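In what follows, structures are represented as structure tokens.
Shared chain: chain A. Partners: chain B in the first complex, chain C in the second.
And now, the complex of A and B:
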């Protein structure tokens, strides 16, 4: 058996097998689950990272599952965007698992630890599946897997607010999933295909012959965007996010904010550009209108969510609102339809994953050590927890978007893209949102470092397995800020291919 | 108004009505169980739509038997993919409903009510 040729499918199959066998180990000894999950994700990370340099947006790595050829079978299709997400997911997964090692004892009931690791493996599997699949229905199935898993993960602590948040998340998430399924069935009914690239070609042909079924495809596009916007928590439909992301256990919050909402963004990219991109000429009005609506919703979400974040007294709720701000930036970059803005949006997926991951994990360390959730309680923590607070300060540079952090590169490119398209009001809104972001981030940093302490100045850091992920994430934001040239040219090329008509 | 046209596309009309009914229940009904019922109605409507898309009058399954060649020539062979999609969709819907019902059970246990506005009114964020 040629394993190397099967690498694309192994990327999904390996974590799935590890997830399925995790409860069996848990029946024997609970502690093994952690090592099992970590081992599984390490193998997966190796599989994903060894693909770097081997794929491009123009020449993706493809694999036909069970040997069925593309328009009929499920095709795995790893392009630059998919690989970017796969690498981010696998890297984050290892850090989050490492972090969970000690954290689970704080917020997760002992008998559920086995389920916790199983669900984590399952959610990573589903997200990897979403990023590598080239089949629309397969995308939907993986999307449902990670959605259902994340409802369970939000509720895993068993606290009553957590269960309420999970139910609220489920009601919105399931409705949006159905909207996406409806869109897929619309599209299938007029194109007879489920392969994204193939649908694109069929739509192009239909456009040339001005088929009478084009309005159905256009309606499907609206349903797709509506559904994925809920998943991505774009402004008017973000209401489920603050509660679900803040009440979940901290590693889960980090996972949801850093990775899961990006899958909604991926859905927008896949449908708007891979599926409908080629047939653009036949949809120019609807397509253009949708892109405009998206960019306005995104641009408005930035200041509005930032103001909401400033008003919060709970640290994790504040961080959750900040995620809405950043989804706004990413969607703004994507929907402004300039190469530079698009590349900036893709870059912000990575930058935000690191920055927001670090934020939530820091909040987790503080909860683990002191049980503090309120921002006012953080006074003077910089003295007793210098590493934790320092990591928060560095990550906040990236979240606000100051040089030399990754967030700066991302925002700069997004705003430059907006200027290229003469979207001046969006630029003003985004810049205003950045200033507001500085208020809520630096308020916390100020409390941590420049006010009198209420926990004493004695060194009292969290455990090593928690500090390492936090430090690495904070260092990552600076690293990718300084060495953004490692990523940006590749992302620009991908953006150029996706935006080419 | 051409009634025969509506009659021939009855599946689509019913599916659209069901979808809207479900959406109404999910968004407007205060009772969580009713919201979930609405969600399931929405799911069913989408399944009905996909099945209707794959419908062929007097169709034959694409299995090579005696009558297959005639059916193929008459263009009456049914595409099996919509049915496969529905099966997957039903599995997904069942698991969503299962998770949702177990959450409902817990919510009722902890809050003592299934009324959504009442639950949202307690321990505000």
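And now, the complex of A and C:
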């Protein structure tokens, strides 16, 4: 059996097998689950990271599951965007698992720890599946898996308000999933295909012959975007996010904010660019209008969500609103339709994953050590927890978008993209939003470092397994800010291909 | 044009101050006194590292270093040209003075204070040595943030409010500068400093150029405290500890002016600025700032607040000189950067000694301070006279050059602004000197320990520099020689 050729599918299969077998270990000894999950994700990470340099947007790595060729069978199709997400997911997964080791012991009922690791493995599997699949229905299936898993993860503590938040999340999430399913069935009915690239080609043919079914495809496009926007928490439909992301256990919050909402963004990229492409004669106007609406919603969301974040008193709710701000940046970059803006949007997926992951994990350490959730309670934490608070301060540079952090590079490119398309109002909104972001981020930094102490000045840091992920993420934001050239040219190439159609 | 050399020296200079963090991490708790000595040694070492480039700078040469490509077309890179060297050297000298002074003045939260002092030096040097607007912007933003802990060092309610105001001003300014940099890159295709303007009317339309220019002025104007963007200055300066105020006033405000210099000489270029006709409006803004800020200084009762308003006025001398767009005006403006740094440095360091030794901040309480602190008040008087432009002090040289520049630019009437300013300076500085020396009932006593030597020596050195710079003007190595090279290259 040639393993190397099957690497694309192994990327999904390996974590799935580990997820399925995780409860078995749990029946014997609970502690093993952690090592099992960590081992599984390490193997997966190796599989994903070893693909770096082997794929490009133009020449993706494909694998036909069970040998069925597309458009009949499911095709795994790893392009730059997919690999970018796969690498981010696997890298984050290891850090999150490491972090969870001590965290879950304290914050989650003991009997649920096995479930916790199983669900984590499952959600990583599903997200990897979404990133690498080339099949629209397959994408939907994986999306359902990660959605349902995340409802469960939000509610895992079993507290009343956690269950309520999960329920709200479920209602919005299920509706959006149905919308996407509806869109897929619309498209299937008129194109007879589920393979994304294939649908794209069929639609192009239909456009050329001005097929009477084109309005159905156009309606499907609107449904797709509506559905994925909910998943990505784009501005007017973000209402589920602050509650769900803040009440979940902190590593889960980090996971949801750093990775899960990016799957909605991925959905937007896949449908808007891979499936529909640009300029199918008769409904290029609908397509263009949709992109414009998206860019406006995204640009507006930046200051609005930032103001919401400023008004919060709970640290995690504040961080959650900040995620809406950054989804705004990402979607703005993507929908402004310039290569540099698109690349900046993709870059912000990584930058935000690191920055926001770090934020939530820091909040988790504070909850773990002191049980503080209110921002006012953080007074003087910088003295007793210098590493934790320092990591927060560095990550906040990236979240605000100040140099020399990754967030700045992302913002620079996105804004430059907006300028290229003469979207001046978007530039002003985004800049204004980043000024407001400074307010909520630096408020926390201020409380931590520049006020009298609430907890005493004695060193009282969290455990090593929690500090290492936090420090690495904070360092990552600076590293990718300075060495953004490692990533940007590749992303620009990908953006060029996606926008070229 | 001198020769271009490649070297790793720029980044070594810029990152040497970071050693402070290492020292702090290793010994701040176990050996506080040794580590404080080392902090100062690191600052001195940074200054010594800058000196070897003296020869190159005087020839108009350039030292380049490419660090890393950030985005295609945009690099992080250093480039030390004459004006950068001039500013960098000034930074180092004042930092050494402030560092030594701090040994005596700062009594609490040493680690945080010295670390951010060092980071600030590093970032300011980064600004001075930037090879393009992108690098400059990065260091400028970092510098803005790193100043905050210095301003609120004393953690009083007043300092916190000043710090908040400072942050709001500088973060907004940062966003504005970012917009300007984006526009410059979008329309001008390059952000590099090449020693001449990179924008031109041939490529970009006039309204766009005017927009870029005004957005830049709006952004850098906050740090250079051009009225009405000066609001944070009179709060931040009194709140910060004296050595930090001396640096704030002495050089950190000039970082904003330095940004404007880059915009003038390396983004637009003199020729384009003349074509755009932005010189005269900016001259009016600068004159307005000079006179109004001086008027605001008069009713202030807090010593440091009065000094702060005086800084607002004096920094606009730089702006005035630069926008005369004539060689002598530029010489005056550029000289003012160094000359004002020493004058205001002296004044703030003296104010620090007064506050430290007598606890008096109110000018009305200064009666007889001169008899207790004769050396300090002597230095204060010298700097105050220099501020008024008395001959044989460095303040006179600046005013002289600015006046020549105004005539050269056929705008001789701006000399009136200088004269009014000198008069107003006399109105708000001389009463302090008068109160200190002549309203005293005691006789002057040169006590053995007027104050700690670590505070007195830097103050006196700065005071002596005020006279040295006013008499030995053309000695090579002093600001004038370097400024001449810069101006000859530009005009």
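Just so we're on the same page, the second predicted complex is superposed on the first by the 498 of 501 C-alpha atoms of A that agree within 3 Å, B and C clash if a C-alpha of one lies under 4 Å from a C-alpha of the other, contacts with A are read in each partner's own complex, and residues count from 1 in each chain.
Following the convention adopted for this analysis, a residue touches a chain if its C-beta (ideal position, glycine included) is under 8 Å from a C-beta of that chain, and two chains touch if they have at least 3 such contacts.
Nothing here was measured: the structure is a model prediction, and the numbers come from that model.
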Could you say whether A:488 touches chain B, chain C, both of them, or neither, answering first, second, both or neither?
second
Quick check on the superposed pair: does A:170 touch chain B, chain C, both, or neither? Answer first, second, both or neither.
first
Which partner does A:372 reach: the first (chain B), the second (chain C), both, or neither?
neither
Have a look at where A:479 lands relative to chain B and chain C in the superposition and call it first, second, both or neither.
neither
Between chain B (first) and chain C (second), which, if any, makes contact with A:188: first, second, both or neither?
first
Of the two partner chains, chain B (first) and chain C (second), which one does A:409 touch, if any: first, second, both, or neither?
second
Name the contact category of A:442: first (chain B only), second (chain C only), both, or neither.
second
Classify the contacts of A:419 with the two partner chains as first (chain B alone), second (chain C alone), both, or neither.
second
Once bound in the complex, which stretches of chain A touch chain B?
72, 137, 141, 144, 147-148, 151-152, 155, 158, 160-161, 163-164, 166-168, 170-171, 174-175, 177-178, 181-182, 185, 188-189, 192, 194, 242-243, 246, 314, 317
Quick check on the complex: what are the chain A residues that touch chain C?
402-404, 408-409, 412-413, 415-416, 419-420, 427-428, 431-432, 434-435, 438, 442, 449-452, 482-485, 488-489, 492
Taking the complex as given, what residues does chain C use to touch chain A?
68-72, 76, 112, 137-138, 141-142, 145, 149, 152, 155, 160, 163, 167, 171-172, 174-175, 178-179, 182-183, 185-186
Touching residues of chain B toward chain A in the complex: what are they?
19, 23, 26, 32, 35, 39, 42-43, 46, 49-50, 53, 79, 81-82, 85, 88-89, 92, 95-96, 99-100, 103-104, 106-107, 110-111, 119-120, 123, 125
